[in-house]
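Shared chain: subunit A. Partners: subunit B in the first complex, subunit C in the second.
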Partner chain A sequence: MGNLDIKLKVDASGLSCPLPILKATQGIKSVASGELIEVVATDPGSVKDFDAWSRSTGNAMVEQESTGGKFRFVLRRK
Partner chain B sequence: MDETISIVLFSGTDDKLQAAATLAAGAAALGKPVKIFLQYWGLNAFRADGIDSDHGLSPEAGEAGKASVEAAAKAGQASWTQTLRMAKELGEVDIQACSASMEILKLKQSDLDSLVDGVEGVAAFYINAGEGQIVFI
Partner chain C sequence: MTAAAAGADKPKKLVIIDYSGELEKTWATLILASTAGAMEIETTVFVTFWGLQTFVKDRKRITGQNWMQKMMSFMQRPGVSHRKLSKMNFMGMGPWMMFQLAKRYNVAKPKDLLEMAQAVGVQFLPCQMTMDMFGLKREDLIDGMGEPVGAATALQLMTEADSTLFI
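What follows is the complex of A and B.
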């Protein structure tokens, strides 16, 4: 952590499903292929949702962590 | 495999509209094409002159349910129209009004919000749904 070149940070804290994955979709479309975005969410469904979103869209999950009700994901645009 | 998700939106209360918008937006975020077919009260909710008004909740909501939904809206949960508009910006979401419901409700397409892309009959709906899943709300 800390050494990744993150192009865009998306704060989806406090937003409920489906807004975190909508915000992620919006964010990933604004960076180039191969670039990274970071999404922070608090929706309790986020971990399963971002796993499904990553597998379905082909945007790879580079990092994932949970701390005190906050979920952080780093995703690489396909 | 046909990945299209087709949602038949019959109900016109805000909770069911929100549920349909969530399903549509989620599928769009996953990159699936989404078709929404508006019938009866679902269609009525898309009238340009009242789309953002209060459409009430399902009878089972009761007072406690109503309070919970109102609290979520106050806390900043996106409305179903905001969710649908975002889904249309980010993905492939096509919203069609059922022609028979248009007749019953005496509506023209110009009476409907710009979220609605067109008017079609049930045969066109099935052809466009292809082999994909169909959800009824």
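What follows is the complex of A and C.
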């Protein structure tokens, strides 16, 4: 942790479903294959939703952590 | 992740039949369509009957060729931003409150979701029969919609899809 080369940070704090997923989709399309993006959301449903999104798209979940009502995801574009 | 890679090999397909024109059902259609597109699920929305009113340009007030068609559009204003609730509409007070709540809780409006759905490649196909019956022309409908099709195309899409919804 901390040494990941994150190309783009997407702040989806305060946004309701399905906006965190839609913002992440926009974000990941702006980086190259193999590059990482970080998404921060506050929607508690986003933990399961990002897992489903990652499985469906094949963009891998590299890291996931929850701290104080914030959910952080690091995703690698396939 | 091999499971993810395997899942991504053959794209899943979703078909939504957008039949109702009400605000809450339009919202459901567009939340699911935009998210499905974001999940790289091949998504087609067949837009028919009252649902087609949603896909008339917001700025169009009266549509149709004859007085009956014109009166229909006058009685229920077309456009994605002018949907009514099926319950608690209260002459527009209900939708107004819904939009206030949506704003407060950062919920995307149907119009924004529609734009995002189109941006992630969701196909919206208008029903030719509905267009004829309501006197709607291609230029009455929003930009970026597919070619008008009929029930046979809708059924072919539905039987080939992994999941189909009628909303």
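Here is the rule we use: the second predicted complex is superposed on the first by the 78 of 78 C-alpha atoms of A that agree within 3 Å, B and C clash if a C-alpha of one lies under 4 Å from a C-alpha of the other, contacts with A are read in each partner's own complex, and residues count from 1 in each chain.
One rule holds for everything that comes next: a residue touches a chain if its C-beta (ideal position, glycine included) is under 8 Å from a C-beta of that chain, and two chains touch if they have at least 3 such contacts.
Predicted model only: the values in this text are computed from it and were never measured.
Chemist: Give one of first, second, both or neither to describe whether A:S54 is in contact with subunit B, with subunit C, with both, or with none.
Modeler: The second partner, subunit C, only.
Chemist: Could you look at A:L19 and tell me whether it touches subunit B, subunit C, both or neither (first, second, both, neither)?
Modeler: In the superposition, A:L19 contacts both subunit B and subunit C.
Chemist: Name the chain, either subunit B or subunit C, that contacts more residues of subunit A.
Modeler: C
Chemist: With the two complexes superposed on chain A, say which partner A:K78 touches: subunit B (first), subunit C (second), both, or neither.
Modeler: second
Chemist: Do any residues of subunit A touch both subunit B and subunit C, and if so, which are they?
Modeler: On subunit A, the residues that contact subunit B in one structure and subunit C in the other are 14-19, 21-22, 24-26, 52-53, 56-57.
Chemist: Inside the complex, what are the residues of subunit A that reach subunit C?
Modeler: For subunit A paired with subunit C, touching residues are 14-19, 21-22, 24-26, 52-61, 78.
Chemist: Once bound in the complex, which stretches of subunit A touch subunit B?
Modeler: 14-19, 21-22, 24-26, 29, 52-53, 56-57
Chemist: Hey, which residues of subunit B end up touching subunit A in the complex?
Modeler: 22, 25-26, 28-31, 72, 75-78, 83, 86-87, 89-91
Chemist: Enumerate the contact residues on subunit C facing subunit A in the complex.
Modeler: Within the complex, subunit C touches subunit A at residues 1, 3-5, 7-8, 12, 31, 34-35, 37-41, 105-108, 113, 116, 119-120.
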